[in-house]
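The next block holds one structure in the form of structure tokens; read it before the comments.
A, B, C and D are the chain letters, set down in written order, and residue numbers restart from 1 in every chain.
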Amino acid sequence: MSSFPLLTVTAVVPAVGAIATAAVPAARRTAAKWLALAFSLATLVLAGVIAARFTPGGARYQLSESHAWIADFGVRYELGVDGIAVVLIGLTALLVPFVMLAGWHDADVLEEHRPNRNWRPTQGFFALILLVEAMVVIAFESTDVFLFYIFFEAMLIPMYFLIGGFGDRAGAHSEDEQAKQRSYAAVKFLLYNLLGGLIMLAAVIGLYVVTAHQLGHGTFSLPQILQARAAGQLHMSTTAERWIFLGFFFAFAVKAPLWPLHTWLPNAMGEATAPVAVLITAVVDKVGTFAMLRYCLQLFPNASNWATPVILVLSLISIVYGALLAVGQRDIKRLVAYASISHFGFIILGIFAMTSQGQSGAALYMVNHGVSTAAWLLVAGFLISRRGSRLITDFGGVQKVAPLLAGTFLVGSLAILSLPGLGPFVSEFLVLVGTFTRYPVLGVIATFAIVLAALYVLVLYQRTMTGPVKAGIESMKDLRLRELVVAGPLIALLIFLGVYPKPVTNYINPAVKDTLSDVHKTDPAPQINAVAKETAK
Amino acid sequence: MSTSTGEAIQFWILAVVAVLGAIGTVSMKKAVHSALSLAGTMIVLAVFYLAQGAYFLGVVQIVVYTGAIMMLFLFVVMLVGITAADSLKETIKGQRWAAALCGLGFGILLIAGLANASLHSFAGLGAANSGGNVEGLARLIFTTYVWAFELTGALLITAAVGAMVLTHRERTQRAATQRELSEQRVREGAQVTPLPAPGVYARHNAVDIPGLLPDGTASELTVNPTLRARGQIRDVSGERLAQLAELEQRSENWLERDEHERDGGHRANGVNSANGSNGGGQ
Amino acid sequence: MNPVNYLYLAALLFTIGGAGVMIRRNAIIVFMCVELMLNACNLAFVTFARLHGNLDGQIFAFFTMVVAAAEVVVGLAIIVTFFRSRHSASVDDASLMKL
Amino acid sequence: MDHLIGALVGAPLLGAGILLTGGRRLDRTGHWIGCLLSAASFVIGALLFADMLGKSGSARTMTSHLFSWVPVAGFQANVSFQLDQLSMTFVLLITGVGTLIHIYSVGYMEQDENRRRFFGYLNLFLAAMLLLVLADNYLLLYMGWEGVGLASYLLIGFWQHKPSAATAAKKAFIVNRVGDMGLSIAIMVMFATFGSFSFGPVFSHATSASQAKLTVIGLLLLLGACGKSAQVPLQSWLGDAMEGPTPVSALIHAATMVTAGVYLITRSSAIFNAAPAAQLAVTVVGAVTLLFGAIVGCAKDDIKKALAGSTMSQIGYMILAAGLGPIGYVFAIMHLITHGFFKAGLFLGAGSVMHGMNDEVDMRKFGGLRKFMPVTYVTFGLAYLAIIGFPGLSGYWSKDKIIEAAFAKGGTDGWILGGVALLGAGITAFYMTRVMLMTFFGEKRWVPDADGHEPHPHEAPRTMTIPMIILAFGSVFAGGLFSLNSSFLHWLEPVTGHTEGHSPVSTVLIQAATLVVLALGLGLAWVQYGRQAVPAVAPRGSLLTRAARRDLLQDDFNHVALVKPGEYLTRGLVYLDHSVVDGVVNGTAASVGGLSGRMRRLQNGYVRSYAVSMLGGTAVLVAATLLMRGV
């Protein structure tokens, strides 16, 4: 326990950055961009410091900070990170700079017509991104359920404006038709998540009531609750635990998103600009799956085990369903969205398979999915912005005129279809193995998805990149330096994660071990423990 | 313990009056009548106060309420005058039904509530009023409730100021002089001369009797439009004409004249009558 | 007779006044009905004072009267200004909502 | 010495890295870098080989642990290599033939502006393939397995501007993915059964696992093998894969990658030996494919597709042999090696013919080329003799052994398999002779190509001919050398194990029979294509022929059975998602909106109706209090 509030600072820096960026005068928008980028990089450095200060396998929650906040309701300002949180904070801090670079000119469209003197869309865009980062980071850090809830909800606000205010202009429709669809998407996003959040709020209050009843003093603090349960002071009644669990899970399932609560994602990702879409699926949605792992399993172990069968089936449906719909899409970004739905299915499957492989795989999957989707979708965004269209049919033969773009896009695609040697393979295989050891049938069915993934990814690549050069493509420019700076490191990272994920798994494994012990689960033992016998010899 | 029979009798009589007054307040078409019936109810209440040993309040009720406040009401009624709002026709759909439902329900509930409240024994005010009712009140007001009392003071002042602010109209330009007004009237082609006086050919020249034009029809200008709107005009020209005809008849019978003279005489009569009417007017 | 009857009377008057508020359109009459309701309350207070044998009820009634006076002053002023601007004393005309 | 194993994979990987990220500035020298690095890896292989010969017995197995790849609780995957005789055989084949084909490509791809990228892909393929054969656990093998799939995808679709090429590449990858699915599930079953998927633990405890589990694992591995080695029912991609540049067809789709299936089965011998049911399935698949490929090969007029058919059928032989168990493994691998030589030779020859004929592939437009490109003619001819199993040449030694082994399996299935293998030999003789005759003999049937250029057949440049010559030597002598006091057998025995099969009929008889069918096939082909002139346009042909031209309707079947239903399914789901799943949500929203529209009416702005609601509310409150007091 260090005196320096590292976690707070990490969350505060981007928030301050947001304010500073928003304050930049209208004329100096380039300065604003650089300022925002600087702040996001500072956050990245801080995330690195967190990772360095964190000792894997040490205390469960480290770098903790704890202050009374709303004493009457037992709400505390409590921060603390476990291995998974560290990794995800790193992911967030890592992706945001790339998102900014990719979206460097996204707000320029709005700069063209300036209704009044201090019209500052660019400042707004970057400030909002930083704000989202700050909120996501603190959501990952908080160990107080109420604190988490606040930011879990609050991050909707900046996201709402990012989707509704800065949608991409590459739709197939007229300007105002696009505006209509944008607002539709934004409102849908907001309503879905608000609904989930409100149900969760009820559950949060329920939790407070239960703790207040049994401990005498109501508390939201995760460590306290866990401790109390370990000490046997806290026994939730079965029904209460189940109801509260469902309240939490619903919110996270909407955010994740899990079939059939997924329909907001395609609209949101379709209408938002590629960088914002990446922000949605690669950063914000991770909070949902992360929270399943941290809150659902740790707070309500019995209810989790109770609900597991249903959740597994739903996630399986998500996997296959998302993949099939991705095959059927005509709009590149919607395709990516459905692919993401399929991948979130994998993550949830891994979490609720309740095996160390499954959960480590799921946690690793969050990282890999973030990086791979970023690489894939950001390049796709470059492609879309060049052509000014999202329809697959408008592309063809890009590989001939812009080989670099095609190449980076291909690598991204291969990552999405989880080719061995690239990050996603490791996590996906871990999830599959973890599921198979406990539920062989589910594991096999889920494995079918790797064929479907190959199908939608390669069909997309074939239609857009190969074949004769289509009209409107001939004069397409290859990647610029800025865009290479975005794509290059992400690809390098993908390869690194695919070949040597050990550094990440080192952080994840201990946390997973604790979680599994919370839900009283142990990995199913193999019929013949060959390894043990080998070592015995 | 129970109250005296006298009070009982008084109650049963006056209670009826109070209720009638209340119903009148609600159901009278004209605001004035409502005001009067309300005043009635209030006086009854004052009596009840006195009967219940609230001497001070009884007096205050009469002086402040029935005196000051109701007069204020009447002033405003006069100021506002007659409006379409007075009609009892309902304009909002379903309002009547909703009102009836809520009113009845509420009343029933109240009475039910009172019914099953256990209020059978009561401690009279004998002890409390032993040192005199007014003194008792005063003691309470200036000790326990002194803070509230001070606040009411502030409230009253605020109310007075507020009323002034609300009703006060800032004069934006200098008031128009007599001359300007007359000029303006001429420019607008409005009635320049003063309005004709009422009551020509009338049995008496009261404000509610319109003057007659030479052809015997009533003139709109001679009576106050408010009276007309309230339907408080006594139109007497009809009977007056009948009297004229009869008078002519009598004079004809009385002095037989030739045809030609009769014509002249008849004309003369007409002229006379015209002069007469003028004379009668002044 | 039991003083409770006074309470019944008060309830009745109060209800009638309430009905008037709901039914009448003329602002002044509505206002009178409000006064009626206040008086009903006063009656109840006084009666309770008698029932409980202390003067607090009367104090309350007293304050009610004062407040009523203040309220009447302001209320009537409002009615007058309203009449000036709208040439009507109908409470319905105060509604500016589009349905 | 052991640490060199890593370098074996590293060299071509480095090459791929340099060439693919190097950019245009490497266009001048890129291809030589590629050749150099693959040659380097060959040299390392040779050194290790020498080192291995120096040792004896079990000491020959070298291992090298690089780093821990995926460590999660019980699931420990390492990046570590194991180099034993089997792997070594493959290493030499891959790097050797690979290097030759690199050199060949220098000439063949001269005109292509993307030659650097091509060599990058080739190096990538070598790296992946070496990883595949050197891995000491199934997960790492899987990495190489998919790696070669990727390389093949990239190389088939190398001319991406050709839609046919792009489609073929995609098809190859996806069909392979189906196979890979089998392999990955097999790994999961292993993990669930043995708690490991490293060769050592799994094989040493294979026998102690339940029969059913082993059969499942075996069948799943077979599925994987089918995908990679283009065996029925996952064979459909190989024909289209010929869209790729010819060197690719030679290296990947003839010599090395497509034989990975055979490697997988041989490597997993411990499992298959313990699961007879799975073995039977393997043999059946092999036998069916053997005939399937051969028949297809007979009907194709496209020289490369004809050779592809033959590849299919030859691999069928290997799979069949591998399915026979210890009596077959060695011969499967031996045939694999010899096949690597002569089939690569044949493809390179075909490539050189196309190179001379403006990339014409239709054999009916060839003819009489032997005078114009003698070197090609000779090398192609020798390879041809080798593949039909002309006595004394490589093919003869390996294929004959397989046929004998098939008979030696014993029982009726022994007879059936043997018969099939024998028949296959005959058909092979027929279609290869057909190819030979149509290409190099008879009168010219040349036609100008699309742009009207008259073909001017000429011998290919040195860079292309030298590899062909070397491969020709291989295809002549390799078999003989291997069979010289059965050295190859002794070399491999420690890994695969070997038991001498005892065929019900004497080997002499079998050899005689083989020669007879060989002669028959040859004769038939001569009658049909040698004696009378070859029509420039294909005759309608029998039903079988027409079916064979369409790859025996495999694509049509896939289309009807899989593609169409899939399309309908996705369309239906897209509709469903929009109308039902989303519809429910929007419906709720709409109804709420309507309701609020009605509620709006209550706020009508009339003080009096507000008064009503107030009084109503008060009434409700009073009622509530009364009730409360009541209860």
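Here is the rule we go by: a contact is a pair of C-beta atoms (placed from the backbone, for glycine too) under 8 Å apart; a residue touches a chain by one contact, two chains touch by 3 or more.
Which protein is which chain? UniProt says A = NADH-quinone oxidoreductase subunit M; B = NADH-quinone oxidoreductase subunit J; C = NADH-quinone oxidoreductase subunit K; D = NADH-quinone oxidoreductase subunit L.
Note that this is a predicted model, so its numbers are computed, not measured.
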{"item": "Chain occupying the middle, per Cα centroid", "value": "A"}
{"item": "Between chain C and chain A, distance of the C-alpha-averaged centres to the nearest whole Å", "value": "62"}
{"item": "For chain A paired with chain D, centre-to-centre distance based on mean C-alpha positions, whole Å", "value": "37"}
{"item": "Centre-of-Cα separation between chain B and chain A, whole angstrom", "value": "76"}
{"item": "Chain centre separation in whole Å, for chain C relative to chain B (CA means)", "value": "19"}
{"item": "Of all residues in chain D, the ones touching two or more other chains", "value": "604, 606, 608, 612, 615"}
{"item": "Residues of chain C engaged with two or more neighbouring chains", "value": "18, 22-23, 25, 91-92"}
{"item": "Touch relationships between chains, expressed as pairs", "value": "A-D, B-C, B-D, C-D"}
{"item": "Of chain A, residues touching chain D in the complex", "value": "191-192, 259-260, 262-263, 321, 324-325, 327-329, 356-357, 360-361, 397, 399-400, 407, 414, 419-421, 425-426, 429-430, 432-433, 436-437, 440, 443-444, 447-448, 450-451, 454-455, 458-459, 462, 465-469, 499-502, 505, 509, 513, 523-534"}
{"item": "Interface residues, chain D side, partner chain A - complex", "value": "20, 67-76, 79, 139, 142-143, 145-147, 150, 153, 157, 160-163, 165-167, 169-170, 173-174, 177-178, 180-181, 184-185, 187-189, 191-196, 200-202, 204-205, 208-210, 213, 566, 569-571, 573-574, 577, 581-582, 585, 589"}
{"item": "List of chain D residues in touch with chain B within their complex", "value": "604, 606, 608-609, 612, 615-616, 618-619, 622-623, 625-626, 629"}
{"item": "Residue numbers on chain B that touch chain D, as the complex places them", "value": "92, 95, 98-99, 101-103, 105-106, 109-110, 112-113, 116"}
{"item": "List of chain C residues in touch with chain B within their complex", "value": "1-9, 11-20, 22-29, 31-33, 35-36, 39, 42-43, 46-47, 49-56, 58-59, 61-63, 65-74, 76-81, 83-84, 88-92"}
